[in-house]
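Please find one structure pasted underneath; my questions will follow.
Think of it as A, B, C, D, E and F in the order they're written, each chain with its own count starting at 1.
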Amino acid sequence: MELLIASAVGLMTAVGVYLILQERTFPIVVGLTLLSYAVNVFLFAMGRLVINQPPIISGADAYTDPLPQALVLTAIVISFGMTALIVVLALRGFLETENDNADIPGEDLASEAEGDK
Amino acid sequence: MLLTVVTLTPFLGAVIPLLAIRYGRNFCALATGAVTLTALVLLLSQAPGVYRGDVMTWSVPWLPMIGLSFSFFLDGLGLFFAALILGMGLLIILYARYYLSSDDPLGLFYFYLLLFQGAMVGIVLSDNILLLLVFWELTSLTSFLLIGYWSALPKSRQGARMALIVTGAGGLALIAGMLMLGHIAGSYEITEILQRGDVIRSSPLLLPTLLLILGGAFTKSAQFPFHFWLPHAMAAPTPVSAYLHSATMVKAGLFLMARLWPVFAPTEAWFLIVAPVGLITMLIGAWIALFKDDLKALLAFSTVSHLGLITMLFGLGTPLAAVAAVFHIINHATFKAALFMSAGIIDHEAGTRDIRRLGGLLTLMPITATLSIVAAASMAGIPLFNGFLSKEMMLEEAAHTVYAGVEWLFPVLVTIAALISAAYSFRFAISTFFAPPRDDYPHQPHDPPFGMWLPVAILVVPVLAIGILPAVTAGPIVEFTALAVVGEALPDYTLAIWHGLAPALFMSLIALSGGALLFAAYRYANALRLAFPRPDAKRIYDAVLSAVVNGARAIIETTHNGSLPRYAGIILSAIVAVGAVGFLNAPHEAGTRTIIPMSFPAGGAWIVLAAICITLLFWHRDRLLALILTSGVGLIVSLMFLQFSAPDLALTQISVDVVTTILLLLALNLLPKTAPTKTAMVGRLGRGGLAAVIGLGVGALAYAVMTRDFQTISDYHLAEAKPGGGGTNVVNVILVDFRGFDTFGEIIVLGIAAITIFALIDNAMRGAAARTLNSIRHSVQSKDAHPLILVVATRILLPLALTVAAFIFLRGHNEPGGGFIAGLIVAIALIMQYLASGYAWAAQRARIDSQAMIGAGIAIAGLAGLASLFFGWPFLTSTYTHVDLPLIGDIEIASAIAFDLGVFLTVVGVVMLSLAQISRVEERAEREPVLRGPMDVQLRQGRIVGSNGGGA
Amino acid sequence: MIVLACTVAVFAIGAAMLLNLYRLLVGPDTPTRVLALDTLVINAIALVVLIGIYYGTSIYFEAALLFAMVGFLTTVAYCKYILRGNVME
Amino acid sequence: MTNWIIAPAILPALTAAHLILAWRRDIRMQRIVSVAATLALVGIALFLYHLASDGEPRVYHVGAWPAPYGIVLVLDRLSATMLLLTAALALAVLVYAVAGWDARGRHFHALFQLQLLGLNGAFLTGDIFNLFVFFEVMLIASYGLMLHGGGARRLGAGFQYVAINLVASALFLIAIGLIYGVTGTLNMADLAVKVPKVVAGNEALLRTGALLLFLVFAIKAAFVPLHWWLPATYSAASAPVAALFAIMTKVGAYAIIRVYGTIFGADAGALAGVAVPWILPAALVTLLVGAVGLLASRTLLDLAAFNIVASMGTLLIAIGVFDVDGLTTALYYLVHSTLTGAALFLIVDLVATRRIDKGGALVPGHPISQTPILGALFLLTALAAVGLPPLSGFIGKLMVLEAAYESPQFRLIWLFVLVASLMMTIAFARAGSIVFWKTEGRMTGPKSANAPIPPIAVVALLVCGTALLSVFAGPAVEAFKATAEQALNPADYIDAVLGSPQNVMPSTGH
Amino acid sequence: MFKRFVPHPLLTLLIVAVWILLDGLSWGTVVLGVILGIAIPRLTSPYWPDRPHIGSPLTILEYAVIVLWDIVVANFQVAYLILFRRGDSLRSRFVTVPLDLRTPEAITALAGTITMTPGTVSADLSGDGRALLVHCLETHDAEETVATIKSRYETRLQRIFET
Amino acid sequence: MTGIGEFAIAALICLAAFFLFVGSLGLAKLPDLMSRLHGPTKATTLGIGSMLIASMLYFLLERGTLSLHELLITTFLFLTAPVTALMVAKAHIISDKGSRKALPPTGRKCSWAVIDGPQAERPAQD
C-alpha cells in the first residue's frame, strides 16, 4: 500500500508541476489543484497508513494518528480558498488584457527617451 | 566639548540662512558669516593652548559595539586646517553674496555651504576614524549639492554626479581601509593609532590597508588617475570652485595623508606609491593646464598639479618634505583662491572666461588685474611671492630624492613640472591683462563692487607678506603644523628667500626662464600636444557609466522577463538542488515498519488515478476535459482518505471538490476553451524532466517516512479528546479545540479569499474588463436554460440536503462532520438551486447577505474564543456540559460548537459570495436575454404559459 | 460467506471502475466522459457501502451520502456547461 | 496580564470582522475604525515590548492545552520587536493610505487589518503548522492588498505572485510533513528538544525537511534566485501596500532567525545550523542582483522595488554570519531597511503622482510642486538606502562590515557590500538628478497650499525614524544585542514553553 | 393554526423521517426532527413556490410498488441486453410521448419513472412542455411503448397530482 | 444469527456487484451515448439499491443495530439518477448533430426544449 500511495503522490506532484510550468493561466490553476491534492495526501501519509482505525473514540484498542488529518483538513480548506482566489484572478486578468498568458503586461518604457545625458 | 561645538556650529547654523534670506541677501550673508565667524573665534580661542603644545580631546560613545564614538581632538594640524576652512569660508561667503545673481536662491547656497563647512571641520577635528568617515562622506554629499547648485545646466548635473561617484567610490575604499586600520591598531581613535605605528607597519594587512586609504585620499585630492573629476566640478559657481576645489575639500585627502603620515611615511610602500603618483599628477595637471583656454579650467588643472606637488612632498616621507608640504598648502590656498575669485570677477565683468577672447583688462579693471597678477606671480613661483618659497623647498627636497635607484628622475621631472606651471601662469596673466584690449565685450568691463574684490585683496596680502617675510608671518604656523604632522622634533630649517646657491635655486631659474620660453613658443607646444593622442577622461567615464547601466539593464531585462514558467522553473530547480544536497549529505536508513499488503480495489483505484494523471499530461490543452479528469483525481483521493481511516478528510475533500469544479467551470466559460500548442519539444522535455524529478523526490520522501515508525504527540489528543475536549471525533476536537487557533486562521483565509474575489470582480464592471465582457460572443448551444425536470428535482433535494447539513453539523464533534462540511453542504444545496433555476431567480429568494455572513462567522468564532477570557481562561478554552432535558434526555453541549458555528457561517458566506460574484460577470457577458423564471416551461393549473424572453 | 461475497463484489466493482475509466479516457465526446465520471462516482458509492459492510462500521455512510449529492451536482454542472456555457445563469 | 499576548491577533481579526459587518459601504467609518484599531495595536505592541524587555519569554497556551499538544504563542524580545516594528509601520502606512489610496478598491481596511493579523500571528506563534496558517493569512491578505485597485499590470504580477507563493505553500506543507513524520511534533520548543535526539537513520529525512522549510522562508525573504515574484509585485502594488510589504520580506528573515536559532540552533546536534551555510552565498548574490536591478531601473518604482532586494541581501549577509554580532546587526538593519524601504515607496509615489505626464518613469519631465520638501525627503531616503551618513543606512553598513570581519570570507563580503553601495549611489544619483534637476516646462502637481499634508508627514516621520535609529544607535543596538543573545540561546525559550505551564488546565475535566 | 405552523405537512413529515433515518429513533431526535421539519420548509419555501397538493397516500403507495417492481424487471432486461446482445444489433430509437400531465412535479415524476423502467430513458421535454422525448434501448413497437407509459404511469400520476 | 440472513446478505451483495458491473459494462460496450445511458441509470441504481439493502440487513442481523442511512442514500440516488440521465441526454443531443437530426417530431408546433427553448402554447396540430 505504502508504495501505491507514495507513487500516487509522486505522480500527482509531477503532473501538477508540469502543468504549473505552462504559459497559460488555466493549466497553471489546474496544476496547482493537482499539486495541492498531492501535498495533502503527502501530509496525510506522514501520519502513516492505517486501515479501518478512524480516530473516532469508540473503545477500539488502536486509532490512526488524528493530528495529520486535522492538519490536512486545514490545508484542504486553505488551498480551497487559494484556488478560488487564483481562478478569479486568472479570469480577471484575462478580462483585463484579453489574453490568458501568465506573464506581466509591461508599461513599455523602453520606447521613452534615455535618462540624463 | 568645545570642539564638538565648533564642529556642530556650521551644521546647526545651516538653517539660519534658510530663514534669514527672508530679510534680504545682505542680512542672509551677514547671518551666515556670523555662524562661520563664531566657529572660527571659538576655534582660535584654543590656539594658544595648542601652540603651548597640549592636545585637547573630547569624546562621547556613539555605537560602542563597533567602536564608533563622537570623539574630537585638536592639535596643530587640526587647528591649521580648521582655521583654513573657516577663514576661507568667511571670504567665500562674502564673495558669493556679490557673485550670485539675485535670482539664485542664496539662502539655499549658504545652507549647503555651511553643511559642507561643518563636514570639513568634522574631518579635520575627528579623533575617531569612523566618525571621520561620517564627515568624509558628508563632504562628498554636500559637494554634490553645491556643484549641482545650478541644476538647470547639464554640465553642473554631470559634474556633480561625477564628483559624487568618484569621491564616493574613494570613500568606500576608505571605509574598508579605515576599518582594517582600526582592527590592526586595535582602536579607532587616531590618537591611539598614531601610538601604534609599529604594530601597523608590521601587520601583514599593511599594504591592502594603505592602498584602500590612499584610494580615498587620492580620489578626494584628484590625484592621477582620479584627477578627471575636478575640472568638471568647475561647472559649479565660482565661489564653490574657489572654496571646495582649491582651498578645502580637495585638501581633505592631503589632510588624511598628513594625519596618518607618522604611521605610514616610514614604510617603503608609502614612498614608492605616493611620491610618484604625486609627481605624475603634478606633471599631467600642469601640462593640461597650459593648454586650457577657459580660465577656470586652467586654474582647475593647475590645482590638480599643485595637489600633486603636495602629495609628492608627503610621499617623500622626510620631515622637511612634510614641512614644505604644509607650507605649500598655505601658499597655494591663498594664491589659488585669489585667482579663482578673480576669474569669477572677470567672467562676471567681461562675460567670458575664454583667454582667447580676453585681453587688455589691466587698463579696464586695474584693481582686479593687479591682485590677479600678484597671485599669478606667486603661482608661477617668482621670488618675493609666497609660491616661490614653498616651491623652492619642494625643489630642494626633490633634488636629492633617489627613486628606484635613479638619481635624476625626480629632480628633472619636478623641474619640468615647475617650468610648465610657470608657463601657464604667464599665459594666464599676460594674455588676460596685457594682451591688446578687445572691443567685443558684451559691456564695458570695470572693477567690481568693493565687496567682491575685497576677499581677493585679503588673500593677496599674505601672498606678499609671506613672500617677503616668511619666517615672521608663516613661520610659527608652519612649524606647529608640521610638528603635528611629523609627530616628533623637526630638523633645522629656515623659511627664507635666500638659501644660497643651492641646487633648488638653479632648478628654479631653469623653471622660470624655461617657462617664459615655453609661453613664447606656445603655438609650437600646442602643435606638439595636438600631435599626440589625448584621452578624454570625461568620455571614458561616460562610456564606462553608460556601459554599466546598459549592462545592468541587459542583465535584468533578460532575466526578469516576466515569464512565470521560467521563474517557477528556476525556483523549483533550486528546491530540487537544495533538497537533494540536504538529503545526500546525511545518513539514511530504510524504514522497518511493516508494510500493509496491497488490495485489489486499491490497485484499481491506483490504476484509475495513474491513467487520469497521464492523460492529463497530454490532453491538458482541452480545458474542459482537463477539468473532468481533475474531478476524477479528486474522487480517487477522497476514496483513498476513506480507505485509510480518514472519513472527515473524505467528506471535506468531496464537498470542496464540487465547489471548486463549479468555480472552474464558471471561469472557463469566459476563458479560452483550449490553448495553442506553442511550447517547443525541448521546452516540454525540460519541464517534463523537472516535473519527473520533483515527483520522484516527493514520492520517495513519502515512502521513506511511511515505512518507518515514530513517536507522536497525538496520543495525548486521542486520550484527551473525550475527557478534555468533550468529543469522540478526535479530528474535530483537534480542529475546534486543541488546535482551534489554526481553524480560526483557516476561516479567516477563506474570508479574505472571498472579499478579495469580491473586490476583484467589483471593478471588473468598468474599463478594459467590461469591454472584454461585451466583446465575448457566446455560442450558446441550447436554448433551454432551466430544464423543468431539473428544477423540480432540485426543489425536492433542497430541504433534504439542509436536513443532512444540520445533521452533519450537530454530530460533528462526535462523528465525522462538523461546521465546515455542513457549511459546504448547505452551499451545495443552494448551488443546486442556482444551477437549476438560475442565479438571478435564486438569489432573489436567498435573503442571505454573504458578506455579513462572513463577518459574522469570523466575529462569532472570535468571540466564542474570547468568552473563555471572562472565566479567566486563555483564548479558545472550551468547556462542555451535560444537560438533561425532559423527553429529549441527556445531551452534551460543548462550547466549541459556537466556534464551529462561526466556521459554518463563514464557509456558507464565502462560497455564496464567490459564486455570486462570478455570476455577476457572467451576467454581464450574456448576449441574449436570459429567462429569469425558475423554469422556462411554466405550467399552471392545466394551462401552459410560454415565457421566453421574460427578462427580470 | 459474507466476506466471500464482499471479495467477489470488490472485484466486480473494481472491474466496473476500470470500465468507467476506459469510457472516461476514450470518450469520444464530452457528454460520454461526464456520464463515465458519474458512473464512476456511483461505483465509488457502492464501494464505500461495501467497505462499511466489510469492516462492519457505519462511519463511512456520510461519505456515500455526500458522494450521491455531489456526484449529481457535478454531472449536472458539466451538462449545464455543455448546454449553456454559463452554469448559473 | 499574559492575555495581552493574544491581543495582536484578536484585535485585527475582530476589527476586520466588524468592518465587513458594519461599515462595508462607509469608507469614512472604515478609516476611523481602522486607524483607531491600529493605534491601539501600537499601544499593545509597546506594552508587549516593555513586557518582553525583562528578557524572560512569556508563553500563552491557546485553549489552555499544555504544550506541545496545544498551540502556544511565545512573547520574547524578538517577537516583541517584530510586533512593534510592524505596528508602527502599519500606522504610518495606514495614515498615508487614508489620504485616498484606500478608496480605490473595496475592503482595503479589512484586508489591511487581516494582513496585520497574519503578520502578528506569524511573529507570535511557537508552532510550525500554526506558523504555516498565519503565513497563509498574511499571504492571502497580501494578495488582496496587492491587487487593490486593479489594472492589467497589477493583475498580471498578482497572478505570478499568487502562483509562486502557492508553490511555496505546498513546499511548506511538505517540509512540515517531513519534520512531523520524523519527530512526531509541531511545537518549536518540543522540536528543539527532539531534533538533537533524532536517530541517525532518520537524519537525512529531517535534514531535508529542515532545508525545504528554509527554502520556504528564503522565498519569502526574496533570496536570489527565489526572488522573482518581488520586483514585479512590489512595483505593481499600490504605494501604501508596497510600503507595508516592506515588512513582508522581513517575515522570512524573522522565521529564519527563529527556526534556525531555536529548533536547529547550536544545540541541535547533527542538524545544528543546518541552513546557515546556504545563507551567505545567496545573500551576496541577492545584494548584487538588487544593486544591478537598481542600476537598471527605468522607473522610480523599479528603484524602490530593487532597493528591497538589495537591502534584503545586506540583511541576509548579517544573518548569514549567524552569531550574536551578526544577528544584532541583522536586527538593526532589519528595522532600518523596513523604515527606509517603506519611505522610499511612499516618496516615490508622491513624486510620481505629481509628474503628470511621465509618472514614475526615469525620464526628464516637468518640475513638480513642493520640490524642496519632496526633493529633500527623496535625498534623505536615498541616503538611508545607499548607506550614506547621517542616517541609519551608514551605521548599518558599518555594522555589517564589522560583523563580517570575523568571517573567513570577509574580503568577499566587503567587496560585495562596498561595490553594491557604489552601484546604488550611482543609481540613486541618476534617478534623483533626472527627476528633480533635469526638468523643463511648467510646474505640475497640486499647489502646496491644497496638497494634503499627512502623506508627506508620514514620509518625513519614517525618515526621522531612520535618523533616530542613527543617533540613538547605541541604546538601540544594546537592545538588539540582548534580543540576538536570547534568540541564539533557546534554553529559556524551551523552558518557558515546556516547563511549568502557567495557564494550563488540569489534563482532564475541562 | 396548525396550517400556519406547518405549511407543508408532507414535507415536514419527510424531513422528520429523514432525521430519524439519520439520527436513529429516540425522543431527542424526534423533537429535533420536528423542529427542523418546521424550520426548513419555512426556510426553503421561497425556492418552491406553489407546491402541489398531493392525492391520497394509497395511490402513491400503489404507484410506488408498481414502479419498484418495474425497476427490478427493467434491470434484468437491460442486463440481458447488455450481456447477450451485440451493441449494434439493438433496435434503439427515440419516441415521442404526448403529455396530458400539467404539474411540473407530475411531469418530473413521470420522466423519472420512465427513465428507471424497462428500456426507456426520458431525454427531453418539448418546448411547451406538452410532449416528452423518450429513448428506447430495444423496441419493435413504439406506439405500444408509448401506450404502456401513458396507461401504466401517466394516468396514475394524474390521479396523484391533478385531481 | 441465522444462516438464511447471512445467505440473503451475501446474495444481495453479489446481486449488487453483478448489476454494478453490468451497468458499467453497458457504458463501455454499447455503441452510442443514448444506449450507454441505459446501463448506468438503471443497473447501477438497482446495484446500489441492493447493496444498501444488504448493508441494512447486515447491521440489523449481524450487529443488531437498525441503520437507516442507506434508505436516505437510496432516496437521493433514485431522485437524482433520472435527472442526471436527462441532462446527459440533453447535452448529447446538443453536442451531436447526427442525433439532433434523428429526433422524432414533438407533434407540436414547437420543437424540443433543448433545441428551441421554451415556447408559448399553440394548439395541437391534427
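The criterion applied here is as follows: contacts are C-beta pairs under 8 Å (C-beta built on N, C-alpha and C of every residue); 3 or more make two chains touch, one makes a residue touch a chain.
From a predicted model like this one, the values you see are computed outputs, not experimental measurements.
*Asks:* According to the touch definition, list the chains common to the neighbour sets of chain C and chain F.
*Replies:* B
*Asks:* How many links in the shortest chain of touching chains run from chain A to chain E?
*Replies:* The least step count works out to 2.
*Asks:* Taking contacts as defined above, which has more of them, E-F or A-B?
*Replies:* A-B
*Asks:* Can you identify the chain nearest the overall CA centroid, using each chain's own CA centroid?
*Replies:* D
*Asks:* Between chain C and chain E, what is the separation of their C-alpha centroids in Å?
*Replies:* 22
*Asks:* How many angstrom lie between the centres of chain D and chain E, each centre taken as the mean Cα position?
*Replies:* Centre separation, chain D to chain E: 62 Å.
*Asks:* Taking each chain's centre as the mean of its CA atoms, how far is chain B from chain D in angstrom?
*Replies:* 16
*Asks:* Chain D: which residues touch two or more other chains?
*Replies:* 129, 133, 136, 140, 143, 147, 150, 152, 156, 159-160, 163, 167, 174, 177-178, 180-181, 186, 232, 298, 430, 433, 438, in rising order.
*Asks:* Specify, in ascending order, the residues of chain F that touch 2 or more different other chains.
*Replies:* Residue numbers touching two or more other chains: 18, 25, 37, 39, 69, 72, 75-76, 79-80, 82-83, 86-87, 90, 94-95, 113-114, 116-121.
*Asks:* Going by the contact rule already set, what residues in chain E reach two or more other chains?
*Replies:* Answer for chain E, listing residues that touch two or more other chains: 18, 22, 111-112, 122, 124-125, 127-130.
*Asks:* Which chains touch which?
*Replies:* So, checking each combination of chains, I get A-B, A-C, A-D, B-C, B-D, B-E, B-F, C-F, E-F as the touching pairs.
*Asks:* Quick check on the complex: what are the chain E residues that touch chain B?
*Replies:* Residue positions touching the partner: 11, 14-15, 18-19, 22-23, 26-28, 31-32, 36, 40-41, 43-44, 46-49, 102-105, 107-108, 111-112, 122, 124-125, 127-130, 162.
*Asks:* Quick one: which bits of chain D touch chain A in the complex? Just the residue numbers, please.
*Replies:* 129, 133, 136, 140, 143, 147, 150-153, 155-160, 162-163, 166-167, 169-170, 173-174, 176-178, 180-181, 186, 232, 236, 298-299, 361-364, 430, 433-434, 438
*Asks:* In the complex of these two chains, what residues of chain C are touching chain B?
*Replies:* Residues 10-11, 13-15, 17-18, 21, 24-25, 30, 33-34, 37, 40-41, 44, 47-48, 51, 59-60, 62-63, 65-67, 69-70, 72-74, 76-78, 80-89.
*Asks:* Using the touch definition from the top, list the residues of chain A that touch chain C in their complex.
*Replies:* 52, 54, 56
*Asks:* Along chain E, where are the residues that touch chain F in the complex?
*Replies:* 18, 20-22, 24-25, 71-72, 74-75, 78-79, 81-83, 87-88, 90, 92-96, 98, 111-116, 119, 121-131, 133, 135, 137
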